[in-house]
Amino acid sequence: MDISPRLPPFNENVAKRYIDAAVQTSGLPEFLGIRTTFVEPGRMRVQIPVDPKLVTRIGNMHGGVLSALCDHVLGSVCYLHMPDGYWAATTEFKLNLLAPVSSGTVTAEATIIAMTRTTAVVRIDVTNDGRPCCAAQGTVLILPPRQPKPTG
Amino acid sequence: MDISPRLPPFNENVAKRYIDAAVQTSGLPEFLGIRTTFVEPGRMRVQIPVDPKLVTRIGNMHGGVLSALCDHVLGSVCYLHMPDGYWAATTEFKLNLLAPVSSGTVTAEATIIAMTRTTAVVRIDVTNDGRPCCAAQGTVLILPPRQPKPTG
Amino acid sequence: MDISPRLPPFNENVAKRYIDAAVQTSGLPEFLGIRTTFVEPGRMRVQIPVDPKLVTRIGNMHGGVLSALCDHVLGSVCYLHMPDGYWAATTEFKLNLLAPVSSGTVTAEATIIAMTRTTAVVRIDVTNDGRPCCAAQGTVLILPPRQPKPTG
Amino acid sequence: MDISPRLPPFNENVAKRYIDAAVQTSGLPEFLGIRTTFVEPGRMRVQIPVDPKLVTRIGNMHGGVLSALCDHVLGSVCYLHMPDGYWAATTEFKLNLLAPVSSGTVTAEATIIAMTRTTAVVRIDVTNDGRPCCAAQGTVLILPPRQPKPTG
């Protein structure tokens, strides 16, 4: 069953920026070590190393890492099909954890399954060294440019 | 409509430990600054400050923080009704983001709505300085004690 | 933690109509025997009898009945806070089945936990003769009046 | 990214039975007109006609039909990989409605993305005459044979 959706125009600038500045350098994404490794129309792949600091004393990676990773790539993939200046806000998502993660690399691949100019639905497949460990699905709201908050 | 569930026995030791060692001191919970502020049978409340490092350049807290917080408290509340040595593994959850968060304190209250000796369903209400900002619902699997992974 | 949301104005006409014409008389709601039993601002309760025709040969009610019931009340509760002529479209929801249902009455209570003029998030508690059997949470889009489709 | 899961053995008898008795002849599945149109290891497709009785006065098919269809195929696909006599109980699922449905045929394709002898996670893609209209994801519990409830 082919369910490739029709998407708004691909934004090459955004795609290039993601790849050029692949490593996130602030906040939660930096703490997790999120790296963008692949983009194409409707799809983005990000990766994190399973840093020992993220592993609980049970020996498994904290589940919050996977949910934060899903949330991150869920919004990010939408920017590939948004005009400059617009922004993506996750409104909801759901995830199933399929297997525990304790080492290696985690890769999350987000695929847009439906998108208009105002909203998108995205699915995410997460693997740990090639083995499925998480599957997610969620909704993103696309919002027009707004003035940045004044600082200070 | 009263839907208070019947729960397995309350584990006072666990409850005391949560409150005594309220501040998480490792990994993602430490990075987020998660603090346990309240426990009672079937319910737990945790809190984080909206640290500027968690706020994106749009001016809002990274959504991944809320999902990680939900994942954290979703599992933690179950330990209140589990025998010592057992562990809780989140198998799935879903969240709705209700309003952006940009400052102040975020409080997540988890309530067990159904629990047996092997599984639990939990709801989470998250507020930002008293205003609802997120609502979640998920499932936890309760697992018997296992040997810790050998180190080194 | 009080999380009562601020809601758009209560529409007394709609509330009265729900109660006056409590029994659904067409389509899936009629087949399921859905009956509105209670409305108040932000909340609606509907009920179905567990008709033997809905019980599978395993002896349990078909899960699709509970999901259809949740979908029904998820949208319906929003009409209580919408201007005449507007309509509510469910965009997503999630449910957890807590216990099998095999006889008696099923009651679903929907509570709006956040609502603006364009969208609402709703939680649903479903009980079977007083025992929790399902918990759901979902999103509704509020749309302005549109011309009905021409018939024939 | 190949995420084909390893599944328990395919049960040819069950598959044959689904195809031979493709049309559901009782309860909610009969009311909806559910028809099994395709099975293969890890995958099942079911179909319903958009009967006018299922269309609301707004002109769209009742959302509860799609959720009931998802619930139905979510459990059914698992029987393809279960020993005779075992049964599948949906524990939770989530769906996103992508486009309204008003006529034609609705096809739901369920794909098992992870399965052990006790549990499975399944994704569902629903199309209306080839156009995506719903995407779902959920969990099924696999239970050992039990005595049927005595009748009368």
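Things to note:
So that you can tell them apart, the chains are marked A, B, C and D in the order they are listed, and the count of residues begins at 1 in each.
Here is the rule we use: a residue touches a chain if its C-beta (ideal position, glycine included) is under 8 Å from a C-beta of that chain, and two chains touch if they have at least 3 such contacts.
Owing to the predicted nature of the structure, the values given are computational and were not obtained by experimental measurement.
Both chain A and chain B are touched by C, D.
When every chain is reduced to the mean of its CA atoms, the largest separation from chain B belongs to D.
Averaged C-alpha coordinates give centres for chain A and chain D that are 29 Å from one another.
Computed from the mean C-alpha positions, the centre of chain B lies at a distance of 33 Å from the centre of chain D. The multi-chain contact residues of chain B, meaning those touching 2 or more other chains, are 91-92, 94, 96, 139. Of all the residues in chain C, the ones that touch chain A in their complex are 91-92, 94, 139. The part of chain D that touches chain A in the complex is made up of residues 1, 3, 5, 45, 94, 96, 98-99, 107, 109, 113-114, 121, 123, 125, 127, 132, 135, 137, 139. Against chain B, in their complex, chain A makes its touches with residues 26-29, 31-32, 53-60, 62-65, 67-72, 75, 87, 89-97, 100, 102, 148-149.
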